[in-house]
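Below you'll find the structure I mean.
Note that the chains are named A, B, C and D in the order they appear, and that numbering of residues resets to 1 at the start of each chain.
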Amino acid sequence: MIKKIVSIVIAIFATSALLIGVKDFPNWADPNQPASLHVSPRYIEETVAETGVPNMVTSVLADYRGYDTMFETSVIFTAGVAVMMLLRRPYKND
Amino acid sequence: MISRWEDIIIETLSRFLVPFMQIYSLYVLAHGHGSPGGGFQGGCIFAASFVLLVIAYDIFEAKKRFSEKINGIFCALGVFIYTGIGWLCLLLGGNFLDYGKLSKILPTDPVMARYYGMAGIETGVQITVMAIMVSIFLDLATAGRHEGALEEEDVGVDSK
Amino acid sequence: MIQEQFPALIVVTPLIMSFILFTVSWWNKRLCFPILLATLSACLVFAIGILDMVIKHGQPIHYHLGGWDPPWGIEYVIDHLNALVLVAVAVVAWLVALYAKSVVEKELHESKLPQFYTLFLLQVTGLFGITATGDMFNLYVLLEIASFSAYAIIAMGERGADFAAFRYVIFGTIGACAYLLGVGYLYILTGSLNMADLAQLIPKLFYNKALLVGFAFFLVGVGIKMGIFPLHTWLPDAYTLAPSAVSALLAPLFTKVGAYVIIRIMFTVFDPSFSIKLYPVMDILGWIAAIGIAFACIMALAQSDLKRMLCYLIVAEMGYIVIGIASANRLGLTGAILHIVNDMFMMACLFTVVGAIMYQTGTRNIYQFRYLHRTMPVTLGVFVVGALSVVGVPPMCGFFSKWYLILGTIEAKKWLLLFVLLASSLVNAILFFRVIENAYLEPRGEHAFAHDGGHPSISLDEVPWSMLISMLMIAAGIILLGIFSGVIIKHVIQFAVPASF
Amino acid sequence: MWELILSKYNYWIYALLLIIGFYAMMAKNNLLKKLIGMNIFQWALIFYFISIAAKKGGTVPIIPGVHGHHGAEHLVVHAADYINPLPHVLMLTAIVVGVATTGIALALLINIYRRYGTLEEDEVIEELKR
């Protein structure tokens, strides 16, 4: 019971923090928000000239931020090895 | 443990579906440059074909086609391809993952070398995602007790 | 020429070697450990090379991954602070790997070893990457790699470890998501993910409330990963129940790398004036640290399980680092950075000793340590070195970082923090005296027996050589760090503190 | 007031989802429900990031009819016509991380259930004390 009350209090606290934050956000889908103006225009405008790939998600994923994607694949690998280690039992004839 | 339950409709239909799913996953991979798609999506679809096989038949049937050892090697192979391409760029004199330097060994200009470099790493991603998804699914579905595996008491993990 | 590639190599080498190790293990399991040790040796060389380069140039090294310029691509930035932490992580990881072999072979089933070594390498990859990166989102991904390998290897411990690991998964995910939310808040306000770029864009937004919320999310997220006081609840269980080698790896490294991330975010990404002048962040942090240290010391006093006691000690040590940050002056921050490095060695020392005692006697209860100084004299000698360092006795390194922390609190005129620092040193002395008393002093009654028949049949029964060597090297490291702390401060830490202080 | 709500309604929904997930993660007694709460939490975050990417008048970030950079020298692309690809990329990573977390957590849950015979948190703690 105490756990629920504490959780509700923390949740209310976090909600108010979130709401305070949201008030200062730019409007949703605003073409002039900073996120659309600072870094991303180069990805959109130069993707074909710099990488030859018309799909910007692929070009950013695999080239501009390819290093992230390498670790993302490693995350999957880590999870696979982790699940193997946690669950898999060795064979009898091993 | 998923045991076998024979049903001819399900088995025939899934046997039909599996090759189509696998070809579709390769299509998703190959067209990732020009349309939505790429290694992750393709890998998941490829893994789904195996999951379908496991559900329609049983685990032993599926593992005959894709043994555990090969799967484990594929897990590492995909990421190895990705990282290996990065190292190749490094050895060719660029920074890590600078695909433009691949033009020294590919018959293209640096921009198209980036294009092909991306294709290479997407393939690596597909292999790893496919193998790991299958491996996680099999481990979770059988709780790790594949055929011929030791019981918990022999392993001694649980007795502590 | 090749030295320019070191910043990438130090992260990528353990990564690619982990795949190779995993593949090789399907054929030959005995090759795993040599591969692990060789890889970590290479990393050590890279780390020292980077530190050498940074000291020579006096400038941060920038490494553009994929050849793209910073705000668009990912960049590694290595300045004095990174380089120092990289070297410390490399050294401790190497020593713990040497130590791990015998312990792991005893505690884990033989078939789990290849996976354990793979995850060990991935863990080290994550830690190196977190330290080296200059990109906020890249840091998140690497944090997740390090966390995932930690979840899995913690769950292989004794009874209850899997439940502790599950709680760690829940808390760790909250932490990682809070960190990611912080990144999202910065991204929506500035449109950038690069740390240096953000540092230029943020001062324009100082009075934006969303920025403050994002900052709070960063503190909470990284705070969970590093185990600051109210967010530490996962830590004692997880690190106590984990296998000895795992807690010897994670306890020194992961929490300290988290402390590094806090310093990086507070003083590099956010301007120091944001967290010092604009909002009372430092006062709040100081209070949290003070309460946390008091709490951790009381909890540590109540434990009879040595490993659990040390886990609470970690919470207290993180409190020290936060005190150094909260002093918000040059001396305090010097102390905090020095303490990150020192604490890695101290915790590695203490946790390896606990593992060694577990290895030989099978118990961690302090009250069952009788005659230990006869059966395991070297191990206990190493323990005494670590204990004296934590208490803060001069030739050991712990004294010097505490000295700077104390000077920092005096200069900031935060008398409460000064009092907490001094009082907790006293409590540490009591804590360790309790252990040493039990291990060294023999009960009087049995001593009388020993007069005629000689000692009870107790013979030297030390741990294997690889463990002994690694523990002795860690102890030597503690003393060397103490002797050369002046050199380290003069050549490295002096430049690691932000210039505005 | 209405304008404030309507112009940012995506972000309000994200905040709501986040809190639901957080509450489930903290307060629920069943470990599986905690895991579900964790998933809601992560998906709220993904929803938030995807909301950042949106632009009024923008379309999917794929330039039609181009393949390779030859013959595309005179291609003119306006950044305002396409939505921001970067959050999508970040969220691909976050989705993968979410999948991986779920996998590990499920594996842990299987182990917990096998060893203690229950998934209720208080019962597991009772079992551990014995």
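Rule of thumb we're sticking to: a contact is a pair of C-beta atoms (placed from the backbone, for glycine too) under 8 Å apart; a residue touches a chain by one contact, two chains touch by 3 or more.
All values derive from a computational prediction rather than experimental measurement.
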Contact-richer chain pair (by C-beta pairs counted) among B-C and A-B: A-B
Approximate Å spacing (C-alpha centroids) for the pair chain B, chain C: 35
CA centroid of chain A to CA centroid of chain B, Å: 22
Cα-centroid distance, chain C relative to chain D, in whole angstrom: 30
Chain centre separation (chain B, chain D; CA means) in Å: 23
Multi-partner residues of chain B (each touching 2 or more other chains): 33-36, 72, 75-76, 79, 83, 86, 96-97, 99, 111-112, 115, 136, 139-140, 143-144, 152, 155
Chain C, residues touching no fewer than two other chains: 15, 19, 22, 65-66, 109, 111, 137, 141, 144, 148, 151-152, 155-156, 159, 162, 187-188, 193
Contacts with two or more other chains, residues of chain A listed in rising order: 18, 22-23, 25, 33, 35-36, 39-40, 43, 49, 51-52, 54-55, 57, 61, 63, 65-70, 72, 74-84, 86-87, 90
Arrangement of touching chains [line / ring / star / complete / other]: complete
Contacting residues of chain B [partner chain C, same complex]: 69, 72-73, 75-77, 79-80, 83-84, 86-87, 90, 94-100, 155-157, 160
Of all residues in chain D, those that touch chain A in their complex: 4, 7-12, 15, 18-19, 22-23, 26-27, 51-58, 61-64, 66-69, 72-73, 75, 77-80, 82, 84-90, 92-93, 96-97, 99-101, 103-104, 107-108, 110-111
Contact set on chain C toward chain A in their complex: 15, 19, 22, 65-66, 68, 71-74, 109-112, 115-116, 118-119, 122, 125, 129, 137-138, 141-142, 144-145, 148-149, 151-153, 155-156, 162, 185, 187-193, 201, 208-214, 216
Contacting residues of chain A [partner chain D, same complex]: 3-4, 6-8, 10-11, 14-15, 18-19, 22-23, 25, 27-31, 33, 35-36, 39-41, 43-45, 47-49, 51-52, 54-57, 60-61, 65, 68-69, 72, 75-76, 78-80, 82-83, 86-87
Residues of chain A that touch chain B when the two form their complex: 49-55, 57-59, 61-63, 66-67, 69-70, 73-74, 76-77, 79-81, 83-84, 86-93
